[in-house]
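One chain, chain A, appears in both complexes that follow, with chain B as partner in the first and chain C in the second.
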Partner chain A sequence: MDIIIIGLLLGGTYALMAMGLQLQYGVARIMNLANGEILVCGAFGAIWFFTASKLSPIYAVLFVVPLAFAANWAIYQWMMLPLVKRAKNQGQLEVDSILATFGLSFFVIGILLAVFGGEFLTYSYLAQPVRIFGEPYALNRIAAFIGSAVLCAGLYAWLHWTRAGLTMRAVSVNPGAAGLVSINVTRASALAFALGGAVTAAGGVLLSMFLTFDASLGVAFTLKALIIVIMGGVNDVRGAIIASFILGLTETAVATLVDPGLTLAAAYILFIVILLVRPEGLFGRRAS
Partner chain B sequence: MRRRELLTYTAAAALAGSIGLGAANAQDTVKIGVVGPKTGVLASGAAVTHFPSFKLWAHQVNERGGLKLKGGQRKIELIEYDDRSMPGEAIKAVERLASVDKVDYIMGVYATGFNLATAPIFAKYGYPQVTQAAVTDQMDTLTKRYPTLFFVQGSTTQFATSAIQVLKQLKDAGKIGNKVAAVNVADAFGIELANAGRPLFKQAGFELVYDKSYPLGTQDYGPVIKAAKAANPDAFVAWSYPPDTFGLAEQAKIENLPVKAYYSAVATAFPAFEKKYGKSAENILGAGGIQDSPAIRKFYADHKAVTGVDADYWGSPIYHAMTEILTQTFEAVGSMDRQAIIAHLKSHKFKTLIGEVDIRNQKLDKFWTVGQWQNGFFHAVAGVGFDKYAPIQLKTGW
Partner chain C sequence: MTAGEKRGLIVTAVIFLVAAMLPLVNQGYWLSIGVSIAMYTVLATSWTLFSGPTNYIALSTAAFFGIGMYLVAAFLDWAPFPVLVLMAVVVGAAFAAVIGLATLRISGVYFVIFTLGLTELVRQVVAWMQHVMGTSSGLYVLISMTDPILYWLLLALSAIVFAIGWWIGRSRLGFALRIIGNDEVVAEHSGINTARAKVYLFVISSAFAALTGALVAPRWSYVEPTIAFSPFLSFQVVIMALLGGVHRLWGPLLGVIPFTLLWELISANFPAQTTLVLGVAFLLIVYFIPHGVVGLFEDLMRNRHGRLDSIKGTLLRWRSGNA
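The block that comes next holds the complex of A and B.
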């Protein structure tokens, strides 16, 4: 039983890491390697807020999210848009965006180092046990799970039941055709990119409650998010969410029933198996 | 034509003059090379222990006018390079300090593997290599191969032995039983400590009721702690790195792990650990430790005032002692002659913050190995070469 609960909590953690990248890659077609750095920025924002004001770090979401949205919008307009305009096909755009965001990640790390220094930053918040079916679980992880569930549900609802969301999904299916039905593809992509960044930063705020951060940790998060997005299929946000939970449950099951040392191996084996059986990912669409 | 020639000669003269002036200025400072990770996975540790230690040293020496050498007093100038947590970059940086910047002295680099990787470069250019952050079982082989390489930490085995000895003392006094749950991070130091520890646990009469490893970067320690708790251990030992030291402690607190002795290796000695866990950190054991004294307390206050960083309770005092050794050596020799410096290091004992120390055979004769958080200070409860340690206390809840 506790495997399921721990697995779900871990899945929620992973979903927070991956949803933003899914939006950026699925809609805006930007493989954002600086995604982890945005998460770390969100976490640092929360840490700074909590240590300065002693109020709940969840309130940090109120200023982290708009800031991340604006910053990512700016990044898209000034850095990504020229790449998008000159890319002759999607493959070239991916390569260009990988290189550009790779460089961006170093830039962001440098700024974080200059402002916050290189040490570990962490704080203790809601680190109390909550008993579910007799077993204790960390309240902060449960809070992060609830936050993650709210974000997932909100994102899914927005994508499927609003017009703006419909626009996004159209662009992610076929940008060319979307342009033909008078969708402003550039604006939709910019919105997706900015939204993805904001979601990732919000994830960072929630994760900072129980994970320890330092300026250089972004790359580990980018890697995990990348696996989840590819595993889930790049076109549908449901893919990232479901893949996160499958990964969380698998890792927890392996850690508890087999050996905690094999969690990484299990994660990558799962990745390989899914790609072998369904190369486009769980919810992906095969390129026709 | 004449005006152009005049202009050319004037420019050349100005250039020559500026070079001369530059050289004259360079003679006034002692250039010290520092290489370490400012970015990458090891950056967080170096930001607490490595870079601030040298900044403090340079500041304190320059405050009193500089190093007292034969030609007069010369101030210290630090030249820092980021090795990005990659040994290849460390090698390039040391090479650059030696051949391009031509520094007077190069500090030991950060982390065992990096010191081993750069040892040939130090040796090639004749720079003494006094390491501060290197823990290895290969000290004898390496000091023989590199006569100018100095180690000032214990060996991996000594750290494992000490930790287990502390537990054995509690067991022999009847304060804890003989069941131990041991976990380790699946990375170099963690694996070495775990491998060294297994036979030592058996020798000391302990039963390993849980013995597993976890990958570096694990985000959820729930399964590990729950399984360890289910095995009913009397003591919990984690051969861990900074992120997992923090993660495991948080999970142990949530689970209220009912052990009377809890040890986690690296980063338990960080002030951030005690800041985060507060009274839950009370009586947690870890690698490092320091003997309390007014001089030590002053060191911590100075460190914070000058560098803005809280020094840790493992590496920082050792680093400081090493800089004291270097200051005494440079001033005794009177110049930055590297051969003379090496000869002096190998023939003298030094009075430092941690006591009188001896690195004449290239290995430090006294260091602390196990510390315990007691009342907000990480007291040394075990070590090598000292005769007095703080009493070991039992963990009484979270």
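The block that comes next holds the complex of A and C.
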């Protein structure tokens, strides 16, 4: 019971970063290996905000999100677009963007190290217990879950019930055809990339409420987000959410039953199972 | 063997012989740099064997390097060093085969993603195993291995890597890999077993990383998970190979030498900012010299030839016009 509830709470918070990556990879077609670093930036922003102002870290979302949006927009315009224009085909773009974002991830780690130093950073907020079914759970985990649920619901609604969201989904299905029906694919991709980064950073803010961060932690989160996106399918938000819960549950189970140091191994086991059983994802269609 | 190949072989042999003289000239600073260069040459060249022609970027060098190093450190009390080095090759190859079979059968980015976190995964598992078995996390590798011996070993190893790379380049396997790199669908339709070719090369390339890790373990002398499995190494190897150029066998070497020297300077002068500097260098290479030093050089040569040809053409036209 313990494992299930903590796992679901964790998974719910992961959903946000997975949706961020999904926007970047599914719509903008950029495999962003620096995604985890963006998340760590969000978390560090929240830590800095909380220690400086003593206000609830939830408010940190209000400045982290626009900042991350702007930064990711800039990254797309100045770093990714030249690669998109240079690439002769999708494969070339994939290789180039993987290399560029891989370099970017070390660049961001370097900046974080220079600004914040190499220590583990954390803060204590809402650390009192709450009873659910007679068992105590930390309030900050629940708050993070609720925050994530609200943002996910908002994003889902935006994707499904607005014109801009429809544009996103169209580009994600087929960029070529989207261009034919007078969608500005470049603009839509830039928007998706920026929004994806903003959502990921928001996920970092929420995760910082109950996890300890250091500058080099990004790669583990990149990997988790990638595994969720592969498991859930690149074009399906529901898939990503369900996959987040599966990952959260698996990680919590391994951490409680075996060893807390093995969370990444848990994620890898899931990854291998997906690759062997359903490489197209839970809701993905099998390529003919 | 054509005349050109023979000439290439002689030049390579001479270069290796000259390089082998280094310990006779200098035993201190320059030799230790020579060891680093030889080590990165093996790692970067064997990385390129797989990732160069296929375009599958492997980010897992450090994982295999660490496995080799750890095997030596952990079992030194039970087996002699040469046996452990052999074991590192076997274990590294077997591990790479399992990963390759799971991820390389499917085309796409799965492989890259899998290798991205592999170093961290192996580090976690090793730390956990040490925790369960109750051994301390730090291990000492106390065998006497002098720098000249290590240097010659690594130099011999890089000669082997070059020989294997040269052989693969001429073989059906190498041809198959180049087709896979150009278009995997075409490769499949022309009857190439793409998965098998990719797995073979990944195994070869990873076995060399494990072997290198095992060989240099005595130089580290103190090994623990965070040291052996540092993701930095994967990054350095990729950046060196890209800087040199991945479409020629000797390309990575042209990246390794300047980068190792530069790296010595950077880590001596800005020890706190190495990650940042490395990130910037990486981005500069990806954006401004996408085909590496070799690419730059070849463009230059082509331009010169092109200009000569156009001059010749003009001369010919002018002459025929007169006649």
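Criterion: the second predicted complex is superposed on the first by the 252 of 288 C-alpha atoms of A that agree within 3 Å, B and C clash if a C-alpha of one lies under 4 Å from a C-alpha of the other, contacts with A are read in each partner's own complex, and residues count from 1 in each chain.
Keep in mind that, in the parts below, a contact is a pair of C-beta atoms (placed from the backbone, for glycine too) under 8 Å apart; a residue touches a chain by one contact, two chains touch by 3 or more.
Keep in mind the model is a prediction, meaning the values are calculated, not measured.
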Partner chain in contact with A:L166 - chain B first, chain C second, else both or neither: neither
Which of chain B and chain C A:A220 touches, first, second, both or neither: both
Touching partner for A:E94 - first (chain B), second (chain C), both, neither: second
Touched partner set for A:L113, first chain B, second chain C, both or neither: both
Which of chain B and chain C A:T256 touches, first, second, both or neither: first
Touched partner set for A:A138, first chain B, second chain C, both or neither: first
Partner chain in contact with A:L264 - chain B first, chain C second, else both or neither: both
Chain B versus chain C as contact partner of A:F102, first or second or both or neither: second
First, second, both or neither for A:F210, with chain B first and chain C second: first
Where chain A meets both chain C and chain B, residue numbers: 109-110, 113, 220, 259, 261, 263-264
Chain C partner contacts - residues on chain A that touch it in the complex: 31, 33, 79, 82, 86, 91, 94-96, 98-100, 102-111, 113-114, 219-220, 222-223, 226-227, 230, 259, 261-265, 267-268, 271-272, 275-276, 279
Interface residues, chain A side, partner chain B - complex: 2-3, 6, 9-10, 13, 109-110, 113, 117-124, 127-129, 135-138, 210-212, 214-216, 220, 251-252, 255-256, 259-261, 263-264
Interfacial residue positions of chain C with respect to chain A in the complex: 55, 57, 59, 102-103, 106, 109-110, 112-114, 116-117, 120-121, 124-125, 127-128, 131-132, 231, 235, 238-239, 242, 272-280, 282-283, 285-287, 290
List of chain B residues in touch with chain A within their complex: 37-41, 43-44, 46-48, 85, 183, 186, 212-215, 217-220, 222-224, 226-227, 242-243, 246-247, 250-251, 253-256, 267, 270, 272, 276-278, 309
